[in-house]
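Chain IDs A, B, C and D follow the sequence of writing; residue 1 opens each chain.
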Amino acid sequence: MGPNLLVNYGEAVAAILFCIGFTNLLLQTNLIKKIIGLNIMDSAIYLFLAEKGYIAGRAAPIVTNGVTSVEAYINPIPSGLVLTGIVVSVSVSALMLSLTIRLYLRYHTLNLDEIAAQLKKEGR
Amino acid sequence: MDFVCNFPFFSILLSLFSGTICSILPGRAAKVVNRIVIAAVGVMSGILLVYLLGTGESFVYWMGHFPAPWGNEIRAGVLEAGMALFFCIIMYLSMAGGAHKLFDEVEESKHNLYYILINLLLSSLLALVYTNDMFTAYVFVEINTISACGLIMIRQVGRTIEAAVRYMIMSLLGSGLLLFGLCIMYDLTGHLLMSNIKESVSVLIQTGEYQIPLIVSVALMCVGLCIKSALFPFHAWLPDAYGYSTVSSAAILSSLVSKGYIFLLIKIIYRVIGFDIFNNTRIIDVLFVFGLMGMIFGSLSAIKENDIRRMIAFSSVAQIGYIYMGFGMGTQAGMVASIFHILSHAATKSLLFIAAIGLTEVSGGSRKFIDLTGAGYRNKWAGVAFTAGSLSMVGVPLFSGFISKLLFAQAAVQVEGKMLAALIVLGISTVLNAIYFMKTVIRIYAVTGDTSYPCITFKDMKVHAVVLVLFVIVNILLGVSSQPVVNMIEQGLAMFA
Amino acid sequence: MSKKKSAEEYHKTFAFHFFRWLSGGKDPYLGNVEMRPQKEYEADPEMLLRQEKEHDAILDKVYDTKHNALLKLFHSLYEITSILFCLFLMALLLVTISYLPATGAADKPVNNEVAGRYIEKGLEETGAVNIVAGMILDYRAFDTLGESHVLFVATITVLILLRLDKNKKGEVNPLTKEMNPNDRIYEPKNDAILQLVATFLVPIIIIFGIYIILNGHLGPGGGFSGGAVIGAGLILYLNAFGFQKTERFFTEKTYKWICFFSLSFYCLAKSYSFYTGANHLHSIIPNGTPGAILSGGLILPLNIAVGLVVACTMYAFYAMFRKGGF
Amino acid sequence: MYLILLPILFPILAGVCLLVCRKDLSRKLLTVTTGTCLVITGALAITALTRVKQDFTLFYLTRTLPVYFHIDQISILFSLLTVIVFLCAGFFSFAYMKHEQKEKRYYGYYLMAFGVLNGLCFAGNLITFYLFFELLTLSSFPLVLHTGSKEAIMAGLKYLFYSLCGAYASLFGIYFLCQNCDTLTFTAGGVLQVSAASKDGSFFLFLAFMMILGFGVKAGMFPMHAWLPTAHPAAPAPASATLSAVIVKAGVLALIRVIYYIFGADFIRGTWVQTTWLALALVTVFMGSMLAYREPVLKKRLAYSTVSQLSYILFGLAVMNEEAFTGSLLHVLAHGFIKGTLFLTAGAIIYTTGKTKVDELRGIGKEMPLTMWCYTIVSLGLIGIPPTGGFVSKWYLAIGGLAGDIGIFRYLGPAILLVSALLTAGYLLPLTIRGFFPGTDYDYQTLQKREPCPLMTIPILFMTILSVLIGLFPTVIVDTLTDFVSTLI
């Protein structure tokens, strides 16, 4: 075990959340819950990234009063990555939800196992 | 800088932009745009390849006004240009070969959406091939995933939608792991560009700092990409997705999409981590073992399958196993064999899918083997093409499959510890391949008394037949003149370093 | 001394109306607003039972659940392995994190010359006060170009899945078969409260969104967040007034063209900037005075383009989810 | 230079054209075309054999593996056999195939198999050889399942799987040989690196064994012989004639190439591989004869006989001395002509009478005297009665066996060969005896002469004469063989 687990409590929380989301995505049979798991997973990564960019005692990376010194602001890169990541996650969630809607309209259930069973029964 | 150096950038932007254009065009015009774009990108990649072979050096291209660690970059070498050219050829042929089926399986008002997906898929594949930036790679991996999912479910039957859900779930697990690995890697090195990460990584390795996080991050990225490219235990979504989607989609998905991820993994191995450092980790052993398992279990599932399309899909699992086995050997030769197999498998698998559709068409649309009896006589072109594809898969000389197996075996012989396992599994898997492909070939050439199905002659399937012939030619070219291709791959890998 | 009014007259006065409203004697909206009492949905217990049985029967028929020990074993194995895998992953990540550089420290490898240049020279080189905006739209613009296409491709897939198309040939659209034909039951009632509030709020929301977009290079904000706000405003408007009203100014065609022009502009503008950058040509786009609204080179127009796309996309997602069309 | 390609490519292309050609050719035209192609191919092959002195590299498959052709004595021997048998069986089939369907397909694959066999004979290195070996399997297997009946398809499948499995077993060896040989070009005395051979000797022995087993499949060697007796009866008679006379000899050629030209006889001699190989060959000899003896169906009986006779050849190869090797090569020729004749006569009998079982063929000698005389003569040859070809070859084999340094097999080998010769008499001669001496209760009144047409009898007669000629003038061949055999041993 390394020395920084307690210092990096934010990342640790992110990791735990990531695994919770991961488990949800793997184990839940309900599609909506799976999607929630997915979102938890993504958010965990954003938390992780945000923690990475944070530097104690510095301001958000928006130039105020013309001060452009490195010591004044936190690292802007993780924030940019998070922005991009959020868009990706929105798109993916929308896609997953619309897939879920289609499956629900067709099979009247959100349970993936049940859908698989009905598909087998259809025999196509 | 020569004007040719703009070509990678042009091809990415052109295909990206054509996606936008297609959104306002009717289906037929979108089709034309799509074909032109693929052809144009192919031509550009071809010229670029010739240029690079002439100069013998790779180059980086700024995406913006800022140099390496600050701005985005793309990078082109022989391997990248070759891959792009090859992807374009396969994609063009697959699109042309499956076009007539599109009208039966996709609503006409949604045809232009289909071509948007294809264009964006092409652009994302190109970006994955050319990119020199990890985060760009991640973004385009997502485009790739979503448009692949769209390709699966554009034929809207229950199976495909369910398959699309499964595909998305697995892909998202993969993306999550990839992104997490990426973040850790960023935290350790402070860079997102591949070349800079590589420098930092070698420094880290020398100083011995952050060893564990480094390995974990590499492992996470590898696992993520393995999941996305359907390596053996993560292949549950594959048969339905490839088996029921419309045929062009199936051909493109199996031959290009998974290969895009694999190519990204190769780039990560060479350009991000460094080949030697990667080989010193235990990760290659894991890849090796799963590759071997995939080779056997994929073939076993294919033997049990009763549906020709699903059988071909399961065979993909086995072939992906081959590729990862090549990675797992941890030698240059293994890598070359894997890359050659990427090409060979792409050419063969799309041929098989396109030929299979020709066979099912003359069997009343059924893809069960029992109905396919004698289909080879009813559609001679498809029958011959399917036979050629099967022979390539089985590894008969003169076809591309033989060369890739030969390369794998030659690579395996050089690796002390993994030699026997690799060769034995290679042998078993080849025999299993022979069993299910030859079974199918016999089946389509068995004489049947049933004359209820129509026969198709060349007149009814001109484009389809020409595409099949071209696919066979590509296959035989790869099999007969493999030497230039292998040289090119080696040159390209040398440029990676 | 006031004259005593007759009851009839009194009923016309404001005071009467006011006091009656105060005492709750009459609901002023009665008769003006459609207020059909809605029954709470209660599932028919018999039906539930039947469904349950059907479900079991299907599972039984397909998998032979009672006798299929292998399946049971597989399921339990699958669960156990996935839980173990997740625990393993968690432990692995925690151990990894314990070795990572400490949060908040300034001397981490992350805070290297890359971040340094973004902060120090960002204002000068991109003209954007918001360093993050400058970074994602200028230094690393290729990522962002990809990102907006992720959104685009996601809308395309949603369109494929949920758009209801009129069929010329008269074949049965698989979607229409599945969907409830009477999708107007989801239409809002003439809910006056909602409508009144929406009349006030929607312009404010949309203006706020526009502000965020236009201010993207000067402060927190940008195309995506502003677009999402505008999208929310549109969705609120739709909920309040229904599809018929929104169709007057926002149809699929509008969406298509806005998306097309924004993305085309985005692609072309960025292509120009990439091309000039890579070929070391001089870009004709000025950076402007930092802090002014017309500054930051391409960042402002790009933000507007992204904002339009995002706003339309958000609205399109909602409309698609609701009834498969605009 | 390119002359060497012609006898390979011409028939293959002609075959492909025939297969692809859409029009239904009239029978006559088809026959004439095929006949011309066969003759031209034969002529081309002979020209190539006599004229071409140079090697020829077609292209490089991978960096170190060229597709390379080279003609040596072994090529000449096998190529001559191929040409003669294919021409004879081809002309025979013009008459025979009248009562079969889809003649065009048959001739197409027949021509292709011809070309591929030529390529196999001319192949100058192991990888080229392997290429044509696989192609041979693929082009000959449509001949097996030609009739399209369920048994034929199953037999075809069995043939295919056995052959492919065998080929992969040998491919396994080729993978390693690529690494440990300087070149895979066939060189008398072997090309295995001395360092590799001494370092991993036992491993390479294992490889050699794998390759013997793998290529032995084609030659019907014991553990993997089962495809032969099912494939032969299923195929049309002329196809089984070529199958038995030439195509299975591809396995023999493969073993000669691998053992004598790649590993080198010295490497194998005196090891467990040689012992096992000898044992397997002898087991096959004996078992094949026994099974043939018990088999009532004529063609199947002949197929078992092929199993047994081929292992004579393998025995000779496994002994690894000059006499035995010469005997083997002679037996390749003798058995090729004899078995070709036997299958063609069987075909003629089936064609005229429609009977397949030996018991039904009482008095056949009275009906078809010429055919049966040929049958009897070559049967005697196969048994090994002088002065036919079989006698000479078996003589050399026995001498070689006795002279060989092979432990117990020195005596066991010739003994088993002798027993098997007796058994051969036991399974071949009953047909002659019953055919010519049907017994007292035979109804001579209904007897009618029904000799088949000359298109059938002439090839039979020709091959019979050839087989006798080998026995009468063996010295011509032996002398030419001796020189280069000594370079191999």
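Basically, a residue touches a chain if its C-beta (ideal position, glycine included) is under 8 Å from a C-beta of that chain, and two chains touch if they have at least 3 such contacts.
All of these numbers come straight from a predicted model, not from anything done at the bench.
Chemist: Can you name the chain that lies farthest from chain B, using the mean of each chain's Cα atoms as its centre?
Modeler: Using the mean of the C-alpha atoms as each chain's centre, the farthest one from chain B is D.
Chemist: Please tell me the distance, in whole Å, between the geometric centres of chain B and chain C computed from their C-alpha atoms.
Modeler: 33
Chemist: Taking the mean of the CA coordinates per chain, how far is chain C from chain D in Å?
Modeler: Once rounded, the distance between the two centres reads 76 Å.
Chemist: I'd like the Å distance between the centres of chain A and chain C, where a centre is the mean of that chain's Cα atoms.
Modeler: About 16 Å, centre to centre.
Chemist: Using mean CA coordinates as chain centres, what's the chain A-chain D distance in Å?
Modeler: Result: the chain centres lie 69 Å from each other.
Chemist: Residues of chain B that contact two or more other chains, please.
Modeler: 135, 139, 142, 146, 149, 153, 156-157, 161, 180, 186-187, 192, 212
Chemist: Can you list every residue of chain D that touches 2 or more other chains, as numbers and ranges?
Modeler: none
Chemist: Give the residues of chain C that touch two or more other chains, as numbers and ranges in rising order.
Modeler: Residues 93, 95-96, 99-101, 110-111, 114-115, 118, 140, 143, 147, 150, 153-154, 157, 161, 175 of chain C touch two or more partner chains.
Chemist: Among all the chains shown, which pairs meet the touch rule set out at the top?
Modeler: Those chain pairs satisfying the definition are A-B, A-C, B-C, B-D.
Chemist: Please give the residue numbers of chain A that touch chain B in the complex, ascending.
Modeler: The contact residues of chain A facing chain B are 2, 18, 21-22, 25-26, 31, 34, 38, 41-42, 45, 48-49, 52, 77-78, 81, 84-85, 88, 91-92, 95-96, 99-100, 102-103, 106-107, 112, 115-116, 118-119, 122, 124.
Chemist: Touching chain B in the complex: which residues of chain C?
Modeler: Chain C reaches chain B through residues 92-93, 95-96, 99-101, 108-115, 117-118, 125, 138-143, 145-147, 149-150, 152-154, 156-157, 159-161, 163, 165-169, 173-175, 256-257, 259-260, 263-264, 267-268, 270-271, 273-280, 283.
Chemist: Could you pull out which chain A residues touch chain C in their complex?
Modeler: 1-5, 7-12, 15-16, 18-19, 22-23, 26-27, 51-56, 58, 60-63, 68-73, 75-80, 83-84, 86-88, 90-92, 94-95, 97-99, 101-102, 105-106, 109, 114, 117-118, 120-121
Chemist: Sort out for me which residues of chain B touch chain A in the complex.
Modeler: Against chain A, the touching part of chain B is residues 135, 139, 142, 146, 149, 153, 156-159, 161-162, 164-166, 168-169, 172-173, 176, 179-180, 183, 186-187, 192, 212.
Chemist: Which residues of chain B touch chain D in the complex?
Modeler: For chain B paired with chain D, touching residues are 391, 394, 396-398, 403, 406-407, 409-410, 412-414, 423, 427, 430-431, 434-435, 438-439, 442, 446-447, 480-483, 486.
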